[in-house]
Amino acid sequence: MLKRFSISLEESLLEKFDQYILGHQYDNRSEAIRDLIRKVMVRKEWDADKQVMGVISLVFDHHEPRLQEKITLVQHDYHHHIISSTHVHMDHDNCMEVIIVKGQAGEVQELADRLTALRGIRDGNLAMSSTGKSLS
Amino acid sequence: MLKRFSISLEESLLEKFDQYILGHQYDNRSEAIRDLIRKVMVRKEWDADKQVMGVISLVFDHHEPRLQEKITLVQHDYHHHIISSTHVHMDHDNCMEVIIVKGQAGEVQELADRLTALRGIRDGNLAMSSTGKSLS
Amino acid sequence: MLKRFSISLEESLLEKFDQYILGHQYDNRSEAIRDLIRKVMVRKEWDADKQVMGVISLVFDHHEPRLQEKITLVQHDYHHHIISSTHVHMDHDNCMEVIIVKGQAGEVQELADRLTALRGIRDGNLAMSSTGKSLS
Amino acid sequence: MLKRFSISLEESLLEKFDQYILGHQYDNRSEAIRDLIRKVMVRKEWDADKQVMGVISLVFDHHEPRLQEKITLVQHDYHHHIISSTHVHMDHDNCMEVIIVKGQAGEVQELADRLTALRGIRDGNLAMSSTGKSLS
């Protein structure tokens, strides 16, 4: 259920924010403000070690001996948490693997750390997202 | 080809770094330092609007009218850049869609902004990654 | 001049945001939302290389030979931009120097980089702030 | 005491890192790598709620009724932790106040939150720094 309330903002700041809203393709102020608020809430979920969603992305050279095998082995230790893995062949050498994970923030972070630390991983990222429950 | 060189570090700082390496499951100092260096390099690729990889993750309620359709429409405008989309049903209401994109940093950012701004998106993230070419 | 307008938010998200507001000691929703909006605006000023304020903080061991001298020399190259420097003796060895700078974002960043790179600097930070003009 | 050790890095990555080192005015690789390592260590001090240094910067309009008074009142609640405050008159309206604080990470964060939340503060920043002890 949507709840309506009013806020006040300095006129010139509001003008600049309206330009920002246009530039970022938001339909209206509510949408843009909602997004700012949700970002804060997602951050809090992670700080409080709540149940979260994480998206781990790894870039690596598939010629690296046994790396793909190790990536799979580590994932098996967390198989209850891993929802899906997508593998992309970027060029002759480089692959990307994107792993969607659900779990306590600490566990998801630990999995991301273990994968990123594997020898041969060229870039490892963890995007901190949400199950959406606290954002509804 | 690996190149070996030596660096010097204060002994007590090195001890703390060695603990960090253990805690983050790195095999050795080279691996850990390589990771720190690569992070800097990926950041520079994005700042210089180079060819990059991005991973966009969206959380939304699939009951939101026509949202899935709009997500698909926006993606079509960037279909040359989108490599894959993975859709996850998280619970009765919430979905996650993870979109792997290749393109100039500015374009990838723009696509992420447009998707995140759609009405009904509960969380939108862009993980800034790399094609791996500059990291080899 | 304050301008009043209304926005709508999902009720449960609003409840969580109200808890956040309490936890962060804001007087009301307008204050909290205004802060989120301003953060976005400050970030944009820096991205657009506008006139900004930066606060550079350096931690170093004052026993490091000639370091204080070099810190001063670098600052002289930017003396038109530096408003003030505060020096703090933290313990027997460690000092902190906090330098308030006004200038184009790129110049302020460059000064921060040059200072941080000096041999013996243990920690260098740049806080990206604003002249306040775009935030009123 | 400095300790010397060797690491190995892919040749082409090392070349790019050497360009970065030049661009950021570091004297040598040790300096640049030391900085990356220290950043990680400072972050860990804050995460572990250790004794840290923080630099809070506030931008505000000094015409805002009773704001300067409130800024001072809040600071008094933390006077054991505040080392110095510097006040800068930026233009006819805008002031900056930079407060150097020593304490447990959580307390420093709380003070920064309380100050930033005051009505009339246009921008509030907390730079997370270190007492330097863990970085030596």
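First chain written, first letter: the chains are A, B, C and D, and each begins at residue 1.
Note that in this section contacts are C-beta pairs under 8 Å (C-beta built on N, C-alpha and C of every residue); 3 or more make two chains touch, one makes a residue touch a chain.
In this text, all values refer to a predicted model and were calculated from it rather than measured experimentally.
The set of chains touching subunit C and also touching subunit D is empty. If you average the Cα atoms of subunit B and of subunit D, the two centres end up 26 Å apart.
The distance from the centre of subunit A to the centre of subunit D, with each centre set as the mean of the Cα atoms, comes to 26 Å. In subunit B, 38, 135-136 are the positions where the chain touches two or more neighbouring chains simultaneously.
The touch graph of the protein chains shown is a ring with every node of degree two. Those chain pairs judged to touch are A-B, A-C, B-D, C-D. Listed in rising order, the residues of subunit A touching subunit B in the complex are 24-27, 31-32, 35, 38-39, 42, 53, 55, 57, 59-61, 83-84, 86, 88, 90-91, 93-94, 96, 98, 100, 102, 113-114, 116-117, 119, 121-133, 135-136. Taken together, the subunit A residues at the contact with subunit C in this complex read 1-14, 16-17, 20, 29-30, 33-34, 36-38, 40-41, 44, 134-136.
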